[in-house]
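As written, the chain order gives the labels A, B, C and D, with residue 1 at the start of each chain.
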Amino acid sequence: MKIHEYQAKLLLSQYGIPVPQGRVASTPTEAKEITTELGGKAVIKAQIYAGGRGKAGGIKVASTPEEAERAASQLIGTRLVTHQTSPEGIPVTKVLVEEACEIERELYLSILIDGTARLPLMMASEAGGIEIEEVAQSSPGKISRTYIELAIGLQAYQGRKLAYGMNLHGKQVGEATRLMANLCNLFIAKDCSLAEINPLAITANGKLVALDAKLDFDNSALFRHKDIQKLQDEEQEEALEVQARKWGINNYVKLNGNIGCMLNGAGLSMAANDLIQHCGGRAANFLDIGVVNNTNRVVNSFKMFIADPRVKAVLVNIFGGIARADIIARGIVEAYKQLDIRFPVIIRLAGTNVEEGKRILAESGINFIEAKDFYDGAYKAVEAARDNK
Amino acid sequence: MSILVDENTRLLVQGITGNEGTFHAQRCMEYGTNVVAGVTPGKEGTQHLGVPIFNTVERAIAETEANVSIIFVPPAFAADGILEAIDAGIPLIICITEGIPVLDMVKVHSYLRNKSTRLIGPNSPGVISPGKCKAGLMLGDIHIPGNVGVVSRSGTLCYEVVSQLTKLNIGQSTCVGIGGDALPGSTFIDILRLFREDKDTRAVVLIGEIGSTFEQGAAEFIRNEMAKPVIAFIAGISAPPGKRMGHAGAIITGSAGKASEKIKALSQAGVTIVPNPAEIGLTMQKNISES
Amino acid sequence: MKIHEYQAKLLLSQYGIPVPQGRVASTPTEAKEITTELGGKAVIKAQIYAGGRGKAGGIKVASTPEEAERAASQLIGTRLVTHQTSPEGIPVTKVLVEEACEIERELYLSILIDGTARLPLMMASEAGGIEIEEVAQSSPGKISRTYIELAIGLQAYQGRKLAYGMNLHGKQVGEATRLMANLCNLFIAKDCSLAEINPLAITANGKLVALDAKLDFDNSALFRHKDIQKLQDEEQEEALEVQARKWGINNYVKLNGNIGCMLNGAGLSMAANDLIQHCGGRAANFLDIGVVNNTNRVVNSFKMFIADPRVKAVLVNIFGGIARADIIARGIVEAYKQLDIRFPVIIRLAGTNVEEGKRILAESGINFIEAKDFYDGAYKAVEAARDNK
Amino acid sequence: MSILVDENTRLLVQGITGNEGTFHAQRCMEYGTNVVAGVTPGKEGTQHLGVPIFNTVERAIAETEANVSIIFVPPAFAADGILEAIDAGIPLIICITEGIPVLDMVKVHSYLRNKSTRLIGPNSPGVISPGKCKAGLMLGDIHIPGNVGVVSRSGTLCYEVVSQLTKLNIGQSTCVGIGGDALPGSTFIDILRLFREDKDTRAVVLIGEIGSTFEQGAAEFIRNEMAKPVIAFIAGISAPPGKRMGHAGAIITGSAGKASEKIKALSQAGVTIVPNPAEIGLTMQKNISES
């Protein structure tokens, strides 16, 4: 789960990490007031769930409160398109109004989980302010790494190593070491999947400050962080994906095609999408129905397909394991009863309780296309979508 | 032979009294698996599905000599369940639970480092050695005994592949779902090493997917240490970069996580790549008849 | 470092562990008032740094506020002698006035560091209320143990194992598991060397409550716990030992003999005391002078010998390593200058800078007995003490 | 031969610029020890006592090939220093620092478990192989080369014993102070095992004290795995029970911590017990002349 920069900075600040002075504003007037509080000058930063704001015009410098008001009014209410967003962009509803710091150097600091070592990994670089992937490619020697062992936590010597790696000296070494320890505490206490400060700036007076910050959270751990859950801003996400979640479908991703997919298991779902592409079509979505205990989620999946005007045909391909073919079948019948389904539906069922599932479908009298296997399902779905244009 | 589970498996079910635990324990028993005990704290002394229930894994092992534990404990408590089983010294744990917090799994791995226990999963569909033992969610009757080993990150895709093999009358030695999580207990390499040593396994199907670098690790191992033929399918070639596709293991991180990179690495290691997921069975048939 | 029961209970309570209602009182009147607040009945417990209070009359039950006042007045201002104290006992200056709980069962719970596993060890038993050493001897099967691995902390399964070991059932298992996790947090957060709840009571309404509690702290870690340092009650300790600490001598223990000892290193100090005993004498104290950078601590050691009227002779036996013989010698000379030393002083110096040390002593003109080796020093000290009676 | 340190030792001093670090590093150099580097964060690029100073242990090893680190870092930071040295992969650490918090040492031991580094101390007086290398606080000139190994929990008592041996012209192969703390990095067993394998060591003096059960562990090892003669002195026979005597290792915990119990265990393992600490040298002399 993502959160906004201003929310990330509040969390950093709670964990003792210095951030620039400032507050979030929802209106140009507020932005003006905050700028006045800050002494008349400010940086106005569009709050969106995507990077690349600077180049896209999402960050503006104001040297008077009026300029700040104008800048905020140019951002709030618009949609910002960056190289990380879809072509439609993401709506800006809030801006962060911050003091303009005088910066000497820009560093990089982050923590994420390393899948190979199976430990949190802290990375630091003297080359901050740009995307770390570029640094990793162009000058990998500029990135220092250290693993965080749970038994000992982040030790001071590790902090020093990274601080020296960032080319820090004197008091800044201890300051950076404490900052790293704090970031580590935050990462672990809040079950982050990514904690990134980029740039970590050295100001003109030699202090370290988190000039930009990104915190992502482990969705599987949100159940124990009600405070973080509350931060979610659904306006920033794909409307269809938000809707899917509300209907209990947690693994839904909007894609670019026209074939609605209801599948089970991430691997089979991806493979089905691959197969659709192989057959010359494109999936409208990735939808892993997960473990179904009742028919609701199946019905809701069909609601999703109806809500998506691009959908010309639907492929249901379920290989029952935890999911049971009979419940899926019952759900499809229920969906046909409750909803006005106008697109062709291709169904392939296999696995747990498949005989019962097939019987239910056959006896229901609903109008569907049966597929005899994996390939047949994808092939027929592509054909049906083409014919339904 | 076969790997991990067989006729000598004495299965303990952690979370046996829950809905999923009950449903699948029963299916395993119907398949012929020797389910010897269940663990549900607070229910010691009772019976469930005809097997004795214990408060702790330690007690269950002491009383029943269980040697494999399958875990159906809900995600918030699953890491504790895995740690309990490790601490009790069981040789093999198969964790079915999906959605365990990543930092909980970091703890599990830190604890597991010095231990001899093998962990499969979490988010694993389980393990089956057809005709001998089923310890997982898979439908028993799509499997037939034979000489092809199957190892997969995905559960349902594994079923699909097995059903293709079985339709062509190609039996399986053991099918292992290593699970789709970011921090699996066992990776492809661990399972390939077991298949290499298993006399009954003549060829292996490897089913990978986008995200992580486990397939690259497998490629390295196959090139250097695996003489048996391996065919592979990598799911997600059509996935757009940067989109989450279902679970953490499927985030594309850097170019190594792309399907194309994985296919390249495996192909260079001499693995037969199947581009069409509907033709995995056919490819294996061709492979076997040629060798 | 030890603290009082009432202080330990405040800490437990801060860490979410249930303790009986009550407060500490320094006067009988206060005890009366608190008893009134508690509803008229209370248990009055003498606060001393020693166990065995119950049998020694240090715990009294009062069924009216007046009885509480009387009980408190019988305790405050007296010295309590238990099997764990010296024959003179320890002064009682405070009593803990607590609600009288109705108890169903008494359990035992503790954490300490296990030197062999090099990990914190949690122990629990259904046989609480008595000394755990007795349980360990008579029925070791009644003690359940679990190690706390730093990488994973105390896990719920470990708590359950101990809870079942204490013969708990139903909701009490979860309650006990949480209590154990809290005790573990306290132990680690405050660098305890021992955290013991004995008895951990089950009240008549089935709740768990820490009826008595003992917390000891790692002296080496006190530098990072100013809050704990403040709790130290010097009245509870041997006056000579408190005085030694004030004079910078941290490793001083009062013993029963009449030979004052100034030694360096714990092992050599113990061996010297052993040797004195071997020669037929008894040391008045154990005194490891530690690392001396200047003469102060040596002078202060002589002040200690003068402050102890039992001392009939002093043995100085220093084998220089970190400690330097020259500084010790200078210190002795300084002590002779500043103080009125009336007892014979036997000196044996060896090790780092010994030649310089011997020269300083020889040239100072002070009156001392030189010992040529370890045995000679002990022998002459025993002889001198005997002659000085 | 000798154990732990010798003419090939390249000594790194952590905390070299502090008072104690400076004083003792200089004494070690005067003895002939090859001190190659010092570590003091923030002072990289400078020299101290003629050796280069580095910010980190990693850098010091990379630049100077140091293979032993001796630690004089103050107690609040010493565990971090030990962990840094372990992480840098140095084979031997000798930690002199006294008064490290016990829970800090629990961390160190948890981290050390999977590592190949050997830790001596904390609160160790150091290690000397007379005539070859001194890495510690002991006065070099009370030692002479020879064939008796000395291992002691106490520093000063160790000096006392060595001076008794040297006066009788009994030389030492190596003298090891394992330190008086409750959680030492190496125990008697670890050092006895090294002495057993060392050709130059013909007999061993073991100096124990009250508290802990390290002497019982040593007794067990000597009975089962040690053919060389061992003589032992246990300090604290006159100590009253329950009194703290100087450091944590000397708390009497249960009857196993008593001097009498330790003497009993060692004696039953065939160890010659010296009751009088002034006669350790004489006892060894007798022991050697008899064998």
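Methods note: contacts are C-beta pairs under 8 Å (C-beta built on N, C-alpha and C of every residue); 3 or more make two chains touch, one makes a residue touch a chain.
Since this is a predicted model, take the numbers as computed values, not measurements.
For the pairs C-D and A-D, the larger set of C-beta contacts lies at C-D. Chain C and chain D have centres, each the mean of its CA atoms, that are 28 Å apart.
In terms of their C-alpha centroids, the spacing between chain B and chain D amounts to 49 Å.
Distance from the chain A centre to the chain C centre is 56 Å, each centre being the mean of its Cα atoms. Annotation for chain B: residues touching 2 or more other chains are 107, 110. The multi-chain contact residues of chain C, meaning those touching 2 or more other chains, are 149-152. Taken together, the touching pairs cover every possible pairing of the chains. Across the complex, chain C is touched by residues 41-42, 44, 55-58, 77, 80-81, 83-84, 87, 107-108, 110-111 of chain B.
The touching residues of chain A, counted against chain B in their complex, run 84, 113, 115-116, 118-120, 133, 149-151, 188, 191, 193, 218, 220-221, 223-224, 251, 253, 255-256, 263-278, 283, 286, 288, 291, 293, 319-322, 350-352, 373-375, 378.
Residues 149-152 of chain C are the ones touching chain A in the complex. Contact residues of chain C toward chain B in the complex are 149, 151-152, 155-158, 160-161, 164, 169-170, 173. Residues 113-114 of chain D touch chain B in their complex.
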